[in-house]
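Next, two complexes with subunit A in common: one pairs it with subunit B, the other with subunit C.
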Partner chain A sequence: MANVLSMYRTVKRLGIPDSQIILMLSDDVSCNSRNLFPGAVFNNKDHMLDLYGESVEVDYRGYEVTVENFIRLLTDRWDEDHPKSKRLLTNENSNIFIYMTGHGGADFLKFQDAEEIASLDIANAFHQMYEKKRYNEIFFMIDTCQANTMYSKFYSPNILACGSSEFEESSYSHHSDVELGVAVIDRFTYYSLEFLENIKDKTSNLTMKDLFDYLTFDKVHSHTGVRTDLFKRNVSDVLITDFFGNVQEIIPDLSDSDGNNIKHGINDEEDYYIEKTVLDLAIEASGNSSDVLEENKTNTLVLKENDINKYLHNTIKSGHDAANSKGEGPITWWKTLASTTNGVIFTTLCFILYKFVIVTEPKN
Partner chain B sequence: MSLLEKLHRRAANSGLITKAITSLPKLSKLFTIVGILWLCVYLPAEGNFRNTYFSENALMPNQAYSYFRETEWNIVRGYRSEITKIINDTDIRNTVVSDWLNDIVGVKTAIHHNSRYGDTLYGILNAQRGDGTEAMVLAAPWQNSEGDLNTSGVSVAIALLRFFSRWPVWSKNIILVLSDNSNVALRNWVEAYHTSLDLTGGSIEASIVLDYPGTSDYIDFIELYYTGLNGDLPNLDLVNVAVSVIEHEGLKVSLNGIKNFQARDFQARLETLLLGVEKMALAGVGEPIMGHECFSGWRIQSVTVKAKGDKGPADVTTFGRIVEASFRSVNNLLEKFHQSFFFYILLAPKWFISIASYLPAAIFISISYALASLNAIVNNEFSSLPMSSTHNIQALLLLGCCLIFTFVLSRGFSLVICNRGNEHTYNALMTSVLLGSQLFLSNLKSLTKLIIKPELGYRLKCFAYLFFSVVLTSLLVLNFSLSYVISILAFPMTLLVSSNSILKNKVFLIISNPFISTFIATSLIKNTLQWNIFCQLVEAWKDLGCFTWFVICIGWYTPWLMVALSDCNETLNKIEHKSNINKQE
Partner chain C sequence: MCNRYQKLSRRLVCITLILLYCFIGIPLWYKLTTVYRAQLPTQYIKSLHENKHQDIHMVIPVYLNFSTYKFPDLDKAVQAQTDSVISNIENGWDVNWSLQLQNVNQNNLNYTTDFYKDKYVVQLILDDFVGCSVPYDGKDTIVFYNEESILSNDLPFFIAQSLMEHTFKLEYNLLRKGAQNGNKNGDSNIAIEYSPQVHISLSVLTGKGYPVSWEIEDILNEYFTPFRKFISPVVNLTVDTEIIYYNDLNLNKLHNSIGNFTHDPIIEDLSAIIDLSELTGKNNYYANEKSVLNLAIVFPEHDLPHSLFKNGSPVTHENDTFAVSSFLVPQWGSLIINEHALPSNPVKLSKAYLKPIIYKFSNEIFQLLGLSDFKESLSTPMLTIDSFKRITTIYSNLDKSVDTLRSLVDMTEELPQMAIPKQVADDVMEALDLRLEIVGFLNNPNDETDELIWDIALRKSNELVDICEHAFFHKDMMQQNFVPQEHKIAVYLPLLGPISVVCFGGLIKSLKEKSLCDGNEADSEETKKEK
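And then the complex of A and B:
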């Protein structure tokens, strides 16, 4: 539980808003009567940081956390009245970070006590997402026993995966809290967080490779695994903030006025270059008094810095609808993508370490 | 199928089947020997037992630091010095302690009055944040199984309840039970709790009975008792928790009070195993009731923790920490104890044999009775008689009559014994009458003119052994030890062959008689003549619900009676003798 809440706290610290985080907690440990510190969850025995103290938005809790709901969430197969806040509103430009933890084994992870998700289930769900253009890149991170088996079945492109332990290998907890009488955090997550603490802001240049190199056997006590064969980019080029931080950038929409042939994203180096150029230009041009975005013939942009901020704000607020829309007025020519290089929607998922189902009925 | 047919033909051609049929008595003996060796040689041998392990992840024993330490020492001492003053006064001790408990925040108390077995004071500490549907019991009888005053046990229990009331972690209610004794008074309270008491604290998941007589401050080691009534054992996870917690506190554990608890060699394992089997077979009967047995039959996992010695290394707060840590572990449970094993035999605190390994021992012996039954049908010249022959029907009728007779006897004897209570001389007299009558029945042949037909004799034996085999097989899952012990004690019954001398048969009959055999066996184990044993058996049924008495009377005595009847035939002797001679020729 603390694993997930710590990860949740980290991505929030790096600027991902709650609206883009789906947090699934299968039990309310903070209010469990066995918790010596009511209302609090700690990830360290020093009790310095209450993970539950700040505002925590749990999207799926308790018995809502099921394999079915998780697969539905990924593939967006809901009925109409399912609230937007509980959906994964991503498109082909979104980078998704998925973190899972709990009891697991070879090719499965337990959900609650009654069911489990198989590695192939996730692989198939990811492929559906790919076919439905629901993601640009996925970073899948899992901390459980024999975690590396969980990503072994993936077959869809642009997925980077990382697990805490090999087949037939356990993942270990980092330390126990003798007051609570439980192990509060697992090694893999602990050292991942330790690394992520180095990222002070969104401009960090640390890459995924740095993260993977950081998680050595000495620290984690199990062989962490990384799967890169589905991923097009070199991990040493992938910034941590591509998945963990909310770095907003603007890229140009190269389509014609009918909206065809949209090109965007960093998959195309040329686009990426243009995007960078444009953004630089835009910022440089911030002294210009013009209130509207103007397109000149060479695809340069003149706008005020404030407008960029305002526009970005709106984009984020309206989620992927805004990202998809053509915009109005002068904005028509521009498309802001809350993702491409930026992490947009994070799915954080948790199944707590131990049993949590309490069915109480008078037994006499 | 063709392969099977081929095998069958091959076997028939080589005369294997005939050979097997003629050697049925030998096979029967062989199976019994295998059954005995299985338990006594095979199981304790290296490689046949396993290390215990925690099956339920949620238990997490010893993960939390235990705080019942020096700060509580003076509180325990205070309670102890006060209790020493009142412990002998059964009239006021409950009311005084009740006042103390009422002073503890969150505790409600009540006294369960029972004029026959004694009053029981209990207090319920409601879990502040729990839902109050489940409970853990901390029981400290005023008097322990040996009749000693449980002064320290009661003091530690009260101090613990006071200490527990300050913790917010409890998700289960904690019930402190102070009964007059660890025996019927506690049992009566448990029954009342589930039937008639007004103040209750939800379903009891686990209970720990504290046994710490005297006023010493120190403990040398801990004895752990776990065998319940009727073959009921606490979930192995609870025993594991107790063992792990005790060893974590640096104390040694003696299972069932075995003397040689440090050794781990073959002999020590065998001794521990046999002691466990003995405790289980005699639970509630020959063995003192430690307290945890009282919770049997209500799906409550229960152990008794007994402090031994007064030199150290541990002190009285260690004893409290054992309970504290165990309760915190059980408190973590979200479900009932359902993982791990409910059927096991322990060879050492951390070694066990699961049911799959030890069950064959009893099965082999019950098979040997089935073989003896088969032998009584096929190995004589009456084997060709049709199934509906009058002898079969007569034998079945006799089985019915014997069943009715043994049932009436079991009820009648319990009435006779219990009319007079626990008077020793009276019990001894009744026991002697019972044993005498059995001796008479064993000599039915020489003392009476009763004669039955030889065919009937064989059929009687056949049904008797078959009946016994079925009884044993059904019993071995319920109470393995009882089934195993009875099957061995009764085995001489199957050796009864008319070719033997009359004296030999007589001896076999006498030693396999349920009452005589029980009397001798328990007397040998206890090293004194157990004149009270039948009274104990009857009382165990009435007070504790222990069914051993009926197993002995109906399950064992019925076939024995039939075998004794079948022996009453002189012509049988001659005929069988003749057929044996024929075979030899």
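And then the complex of A and C:
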């Protein structure tokens, strides 16, 4: 459980809010009668950080953590009254990070000591997500024995996968806590977190390739695997924060380094003026026009002779003649006029990638 | 001693059981354990997906109204001009559409009747010049013409140009081939995905915990309610308001940012300092609304440096003028940060303070909904909203629905073990019928209805999207709920094994009984002879 909670804390530190994290925990450790520190979960024998201390929002716990629920979560096949906070509400712009850990073997991972999920089950679920455009990119990370087999069946595009050990190879824990009498964290997760601790803010330039290079055999004691053939981008170009962090774009109002009057990218005075009238028009339409700004009432776009004379003789006639003679009607004059009056360009284009993180930890 | 009758009946029972086992039991077992897969109209959906607009030919009626001169055949002349322009457009059209020109008096209806209230009407006005005017509060297109333009037969062309390049500019720009590869919804990075239900959350965040109230009810009634009604044909807005008290909003970090950044530290740090997600997370409770937009008015715990607000808008509140900085957060909403902290005594935020904020937010809602990308047409919001309805009906709803159906078909083909409940097949058929009905509305908008035909088309297309989504996300379409075909024997072996052993064992024994019985009879005859 410490594996999952450690990863959960890391992605939260990097700006992914709880509302965009689905946390599935067996959740049987903190209050276990054998836990010498009731209510606390540690990932290090020094007990410096209580992972279960504050602000942990578990979405699925205990017997809710089943293969069926996990597949339903990915494919979003729920009852209609299923709460939004427990659903993966992603779209084609969403980057999804999925971390799984627990006991596993060749092509399977155990859930709750009762059932198991097969690699093909996850692959099919991903494909259903792909068909419905429920993701932009997926980063799948798994820490279990023979972990690399779990992503071997994937066949949908835009999935980057990483596992802790090869086929017929075990994954190992990092160290044991003598006081607790158990191993508290696994090597693959431990060194992943150690790398992620180097990311101090959301503007980090570290890439996925840096992470994969960091997870060497000397550290992990097993052969980590990376699958990139389904992924379009080069891993050296994929920022860690593309999956582990959330960079929310904010566009300022009425501010520009050149001092121009920009309103969210609208740098044309007329457009700003015109936009103001939308609410006025709504108020007028409702019959309550007493408070409408007087200057806006005159806002009617009128193009008259003085404005169009210079275009009229040149473009209208030629367009008209062309339309009559060849049956073609090149529309140029209004267009030309419009382009001179509307310099509407979005100077700040921002691409939002909603990061969703699914952290699951079947019962160990 | 062997009874022939008993022997025969026992054998008959065994054979009957075996026959039941083979001809009823096995088929029944197979039938009951086979995943039910309802038939979907796969080929039709695939062909629909390959050419999504194959059966759409949108027709928009336009009426010509003239008073000074009578032009009995002007509608035909303008029709020829517009048809010429439409048919000769470079690269062709992604969606077939056309204008249907008619003279106002053609229907023997006076122009003043309600019939023309929501129609596209071209008003022809004799003047000294040639020009075009589009009022911002209506759907009319006013074309000024002079006698020279009549003599040179330019008037039909002027009207056609005015309609194509101005009144229907949005369609003209977006329905052409290739245009749909760009952003149909405008700047989709800022705008949320179209949804007929959008929730608006208005919040005041105070960093010090001092009491504050606001005249939000008056403001909403006076300004926002008319706006909601105005935009209701496109999207239904629901609103909630709240005041959130914080011990500390951490905005003091902005002080430390000054000097560390070359420009706009407030922007660089703001997303980290203000926890927008906290407000967003709260909105998860609005289960019925797919989309939520926010307006957050933030009062810091201490006055912020004036330098941060050098470009902010001055706002007057209770004889005090101070600055606010406002920010547009893509797909989230609007953030207003005040320069000054609230005083310790109770404060009421007045209408004068809130009015410009609501004005600005209303404009931003247009942008966040994807409407105000069409700024060239925002001079005429009525026309823009009408065009938006048609564009949304086709691209956001009809296309999305066909995509969903195609995904459903592909998925069920690729996962042969996945169940297809009957409900899914029913939904698919209903969706296809509804689609045809919507296409009918688009193709023939002259049907007499009390409601604007584009409103009906949009409303029904929203239903269509819901039906398709319901079909795709049917909760019984879970592969893991059913036993895989290859594992069926293994799973049922504990049941089938004992039954098979008993049945076949009994049959074999029964068949052996005849010889055993014959042997016993021979033995008894030999014994008799010896005696």
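Keep this in mind: the second predicted complex is superposed on the first by the 248 of 364 C-alpha atoms of A that agree within 3 Å, B and C clash if a C-alpha of one lies under 4 Å from a C-alpha of the other, contacts with A are read in each partner's own complex, and residues count from 1 in each chain.
We adopt the following convention: contacts are C-beta pairs under 8 Å (C-beta built on N, C-alpha and C of every residue); 3 or more make two chains touch, one makes a residue touch a chain.
Predicted model, so just to flag it, every value in this text is computed and none were measured.
Touch criterion not met for A:Asp107: it reaches neither subunit B nor subunit C. By the document's definition of touching, of the two partners only subunit C reaches A:Gly15; subunit B does not. Of the two partners, subunit B and subunit C, it is C that touches more residues of subunit A.
In the overlay built on the shared chain, the residue A:Asn35 is in contact with subunit B alone; subunit C does not reach it. Of the two partner chains placed by superposition, only subunit C is touched by A:Glu131; subunit B is not.
By the touch criterion defined above, A:Pro83 lies against subunit C but remains apart from subunit B after alignment on the C-alpha atoms of chain A. By the touch criterion stated above, A:Val178 is placed in contact with subunit B alone, subunit C being left untouched. When the shared chain is aligned, subunit C comes close enough to touch A:Asp121, but subunit B does not. No residue of subunit A touches both subunit B in one complex and subunit C in the other.
Within the complex, the subunit A residues that touch subunit C are 15, 17-20, 67-68, 71-72, 75-79, 81, 83-85, 91, 121, 124, 127-128, 131-133, 201-202, 246-257, 264, 266, 268, 271, 274-279, 281-286, 288, 291, 299-305, 307-308, 312, 316, 319-320, 323, 327-329, 331, 333-335, 338, 342, 344, 346, 349-352.
Listed in rising order, the residues of subunit A touching subunit B in the complex are 32-36, 38, 103, 176, 178-183, 354-364. Looking at the complex, you find that subunit B touches subunit A at residues 57-58, 60, 63-65, 127-131, 133-134, 167-171, 194, 200, 202-203, 328, 331-332, 334-335.
Against subunit A, in their complex, subunit C makes its touches with residues 81, 84-85, 88, 128-137, 144, 154, 157-158, 160-162, 164-166, 169, 172, 187, 189-190, 193, 222-223, 225-227, 229-231, 263-264, 266-267, 270-272, 275-278, 280-281, 284-287, 311-313, 325-332, 335, 358-360, 362-364, 366-367, 372, 375-376, 378-382, 403-404, 407-408, 410-411, 414-415, 472-475, 477-481.
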